[in-house]
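Presented sequentially are two complexes of chain A, the first with chain B as partner and the second with chain C.
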Partner chain A sequence: MSKPNSARKRWLISQAELETWLDGLAQAQTLIAPRDISGVVLYHPVAKSDEIAAGFTRPVLSVKEVFFPPTERLLSIEKTGAEIHLNETLPEGQTTVFGVRPCDARGARLLDAVFLDTAPADPYYARRRENTTLIGLACKEMGPTCFCTSVGGAPDDPTGVDVMLYPAEGGYLAEAISDKGHALLADAGWPESVVGGAAFSGGEHFPVPEKGKWPEHFNNDYWMKMSERCLSCRACTYVCPTCRCFAVRDEVLGPGEFERIRCWDACTGENYRRVAGGHKPRAEKGERLRNRFFCKFYYYPEQYGLGSASACTGCGRCIEVCPAGVDITEVLMNLEKPA
Partner chain B sequence: MNYEPRIIAFLCTWCSYTGADTAGIARMKSPANIRAIRVPCSGRVSPELVMRAFDQGADGVLVLGCHIGECHYDTGNHRAAKRLPILHALMQFAGLEAERFHLDWVSASEGERFSRIATEFTDAVRGLGPVSWRVGPGGWKAAAESLLPPDEEVPMPALDCAGKTDAIRAKAKELLTNGEVGCVIGYEVGPRGRTRPTFVYSAEEAGRLVWNPDVSNNLASYLPIKLKSKGKEAPKKVAVVVKPCDSRAVNVLLAENQFARDQVHVIGVTCEGVQDGGGNLQVRCQTCSERSPVVYDTLVGEVPADIHAGAITQSDRLESLPPRERMEFWLSEFDRCIRCYACRQACPMCNCPTCLYERDDSTFVGMGIGLNEKRTFHLGRAYHLAGRCVGCNECERACPMEIPISLLNQKLAGEIEKAFGHRAGLTVTPSPIVTILSGEYKEG
Partner chain C sequence: MNENPMLPYLGKLVEVRDLAAEIKLFRVEMLNGGGEAFRNSQPGQFAFVSAFGLGEAPFGIANACGRGPAVDFAVARLGSVTTGLHELGEGDVVGVRGPMGNWFPMDKFKGKNLIVLGGGIGGAPLRPVIQHVLDHRSDYGRLTILWAARRPDLLVFTEEYDEWRAAADTDLHLTVDVPDEKWDHNVGLITQLLEKAAPATENAVTITCGPPVMIYHTTRMLEKMGFPPIWNYVTLEARMHCGLGKCGRCNLGEKLVCVDGPVFNMVEVGDLLETYL
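Presenting the complex of A and B:
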């Protein structure tokens, strides 16, 4: 398991110090943190640290929605007579996200591969990413559906965040991970600490089929069998930290006013990939679910050069939200079993 | 006061549109606030059009058709008379002031009547001030806490399910062995101990089937897809395990010709209720009146005594709030929606090949995952379920955002029962608002 890096600076802070710090951040910029909204925990803007939820495994939606919101305006369009004006609408403002789970931070890095590292970079995503500081919070324990340890993550993995907080005796051990995080913590004015936090140990492990093996499972009958209970909704993909499909459409707002928006879309939906003439290349539920799993464990790693890593962060959200009981860990464990 | 409301009036070309002309020719005064839209019949005014008008900022919507018995197409205004009051009730429940919508009848010769109705309606809307239905670009600040108190918790009674499990397995085995059905849709316990739907194709596998307090999914949802699939291995007849609420869904599907009665073998199981994640009786089961399936070929279990009599429901509580608070409640709830369509997909009644709210060419709702679009989708879906929803509440259970969708459905089920004495799926009868030959709308 990853341990706090000895080369990095660390600070031991109390719960009260953390709250004061967060209150200060909330004053200076938009602070987004897990918040209980009518019983559902979501990454949501908070005005004060006492609005932050505690005692839950992870928010229902991943931190993806901060960088890649469900609906984003790409352009506003004005038409006067024969003239058409296109106005760029890039997001503004600095944001800090507190309480980012390691699986979510990993999800953000995986989305970077698509939206930032592959030219041309997506300006909307890039702007949000650039203007956002991530404060990670290590998980004390794994939730009932978590399996990050099986896909190369850990509940206390600090990669991908700017500042990492580890629960420690008497408060938190704060560690600066990036330069941005370093500047943020140096400003806080806490005395530096040499105390080490306890590293996470344990966590369930099961073997995930290797990337090279996936192509042979393409025609496996298992896909049709396991997908029968699937309802073809999009819950699993919308809560997933790395599902990133979207659709773009121009909408009419009023006389001479239009906007171009992009919205989340999902390969599990029936009409995804429908083409002119009505043909659906993935008409069956099994073909659609197979695509989702192949995307996570084969297409995506292959396309974006992730090596042996997968695009699944093991957060287990899809297992939790599925109304019909489709379970990704069951699929991974059964795929290599003879039918 | 300078405020002048914008009013959309849908006028039937055969009567009220001409009635408006008559008023004009007679030089009667009519308010200039009315934007008249000429339609071939009041029956043409689909509820989506009314909702769209409000979504786009109308302060009031007026629909005027021919008097009952005088429709140019015989029954068009009957449809309007049945449907639009249901929509009116729904929109009021979602926080629209009652006075902002009005349905009435004006013949071609009744210029004076047109003028009077238009003036009275405009005055009433003017008195209310500008509409707050459409959520502006500034967005909406959701309330952090639900405006309704949490549901009452009723512990799940201890049940002995072994007998039912054995009976289901035995029946499935028999049906698969003698070849009567090609597939049995039932419940199994998956990994992590979660009960979920399962599809059994051979007698050897029948041992997987279970019955327990977690049998929540409405398996009737799978019937249309299963029975319409055209593959070589597609079974001609399937058996399905149903709870009493699910059995009502089978009746509605039969009434809507989704499949034929002889294509399904219904294994109906009597029900004491199912539990939620916290080990309590699900809220839907607290007010459920059906303890025994309404349609079955095989009956499993004894009919239980009533376990819990329905108390005051959340729907009643919401109804007692003023419109502004109701709107706040619903906007706060819909704000969480991500349009994942889990509610729709889990619903046995939502079986359109392409949902009206997902069509690429839909003019009723945009593609955005914004508050206006989300509300239109949910209210539209609730309206489409009026007289069809059997109250299985799978939509609400499937919702990852815990939006109390079922309150909308309960509200409309109540309205339909009040107006037509119809409860969905008790018999093989379609919703009264899609038929014209029976169950006419009763005033009040």
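Presenting the complex of A and C:
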């Protein structure tokens, strides 16, 4: 992981300077940035800065796919007679992601807890993370489903990125957050700034049940009731910056040629826990939805040493995509209500 | 494990034999560094076995490392990976990732009476426990084995019963749900066999493995009979996909079966077992 930069120098840059800088980065390596793809803003490779979307709240999908792709090859397998040859296929190449929202930078740090900080580290994730530079972009305002301020985040929280950009008069204030970010900005030749950015104020804030309180909510009838509308479509887990369940399987490429892949999976899916022979724990929707909420606020923090923090970034994407109106903020507020 | 924990060792099948109806025993000679990794595997640990081109699945290691160096796995033909494994024969190459997970604390069990309860293929991860006790017989007290299956042709390791019965201070009790005409042992569930055999609770440790519903009812019965939860051990299975605490598929509450288990005592998982059914 990038080391934090203690000096935290700042530079004032214009929109034009930013674009020139990003164009340079895009020539040297893969540049991923919010891009409008048929009306949907996604973190996507761009060849030039003019392809970057303007005026977005946050991309529809989180930045997790940069480090943890929806489908990823782990091994290539060749079989000749009884001989087997295995090849690790570790990812190559340097990538910079521009426009990372604070909720997504937080999501990356939460995935780090699973894939890097809890032994054994995942070599595929580690390689991608190491080869990626994150340029954060502070939010001017919170979107309609955003609630980062209720789960310990903030629209201008620079934690976890290498460079943070704050919208400022006439352009951006660029701050070096990590050593990697400092090296990147110091090379650009911009005038240093002595002024700091104005801290974000406001943002709705509602109480979220503390980690220690979750076990007492386990046998609450509420889960079965609220899940009646759930369609088990798994969209919430797909857009979530910290849902990281995966499946591993082999695909046949040709005679004697296979690949082992892993792909995203979802604990809210109906057959997620089904085993050969037919046994299916968590058969009820309510049990599965409860598991997802418990994972975010109790299991994941316990399993990966998050302390009192939760594994929810407050990005609000799950609220936005749910076709049945399951709203995580409503769930959290209902749990906090006296019985 | 390999430095890349998703990269399997290769292993050659040196023996493949029928263990019960649709259940085969695979004896694997580890190649390219895997021998060293499995040399000191512990009773209760598991590994992923690959049928290349079809995928991999987790299986309890079915022999004590002292009975190695080859590593045994019992595989019931149920899904695509296990069907692929059943089609392999001696000389074929499989992948093996492991050993993984925690194990039965055999040192802590020294001097205690062991009651081993196996249901169907759930007997496979208990075989290393039995072998370890037989190979270190004076370290342990009485060994009571309660072995169950739905039908006589689903009982595993039948050809080893004579060895178990012949060992000092060792009893074997058998039961099936549905007998055939040749069956002359008990008929009924393992919980009924347990009541009938009525092993003493003093200085005892119980070890249970089988289908989830069997584990659930057996451990409740044991507690009712006065066996203290802290000495009631189980080994659980879940269809995990990594075995490394990452894929999220095997959680039992806040516990991950792959890294916090698969071996638990009932103080650890007693309250969570209902979610396992």
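In this section, the second predicted complex is superposed on the first by the 329 of 339 C-alpha atoms of A that agree within 3 Å, B and C clash if a C-alpha of one lies under 4 Å from a C-alpha of the other, contacts with A are read in each partner's own complex, and residues count from 1 in each chain.
Here, a contact is a pair of C-beta atoms (placed from the backbone, for glycine too) under 8 Å apart; a residue touches a chain by one contact, two chains touch by 3 or more.
Since we're looking at a predicted model, the values are computed, not measured.
If you put the two complexes together on chain A, you find that chain B and chain C both fit without a clash. Put simply, the three-chain overlay gives an angle of 80° at chain A, taking C-alpha centres for chain B and chain C and rounding to the nearest 10. In the superposition on chain A, no contact is made by A:Ala47 with either chain B or chain C. In the superposition on chain A, A:Ala247 makes contact with both chain B and chain C.
Contact with neither chain B nor chain C is seen for A:Ala16 once the two complexes are overlaid on the shared chain. By the touch criterion stated above, A:Asp122 is placed in contact with chain C alone, chain B being left untouched. Shared-chain residue A:Pro281: touches chain C; no touch with chain B. Residue contacts after overlaying the shared chain place A:Thr145 against chain B, while chain C stays out of touching range. In the superposed pair of complexes, A:Ala183 makes contact with neither chain B nor chain C.
Contacts of A:Asn291 after superposition: chain C is touched, whereas chain B is not reached. After the two structures are overlaid on chain A, the closest C-alpha atoms of chain B and chain C sit 6 Å apart. Looking at chain A, you'll find residues 247, 249 touch chain B in one structure and chain C in the other.
The residues of chain B lying in touch with chain A in their complex are 142-146, 190-192, 194-199, 217, 221-222, 332-333, 336, 338-342, 344-346, 354, 358, 366-370, 394, 397-398, 400-402.
Those residues of chain A that touch chain B in the complex are listed here as 35-40, 42, 51, 60-61, 70-71, 144-145, 228-229, 231-235, 237-239, 247, 249, 251, 261, 263-264, 266, 269-271, 319-321, 323-325, 327, 329-330. Interface residues of chain A facing chain C in the complex, by the touch rule stated above, are 74-75, 77, 79, 82-84, 86, 88, 90, 114-115, 118, 120, 122-124, 244-250, 252, 258, 260, 262, 265, 267, 272-277, 279, 281-282, 287, 291, 294-295, 298-299, 302-303.
Looking at the complex, you find that chain C touches chain A at residues 1, 3-8, 10, 50, 52-57, 76, 78-79, 81-82, 91-93, 95, 211-212, 238-239, 241-242, 244-249, 251, 253-254, 256, 275-277.
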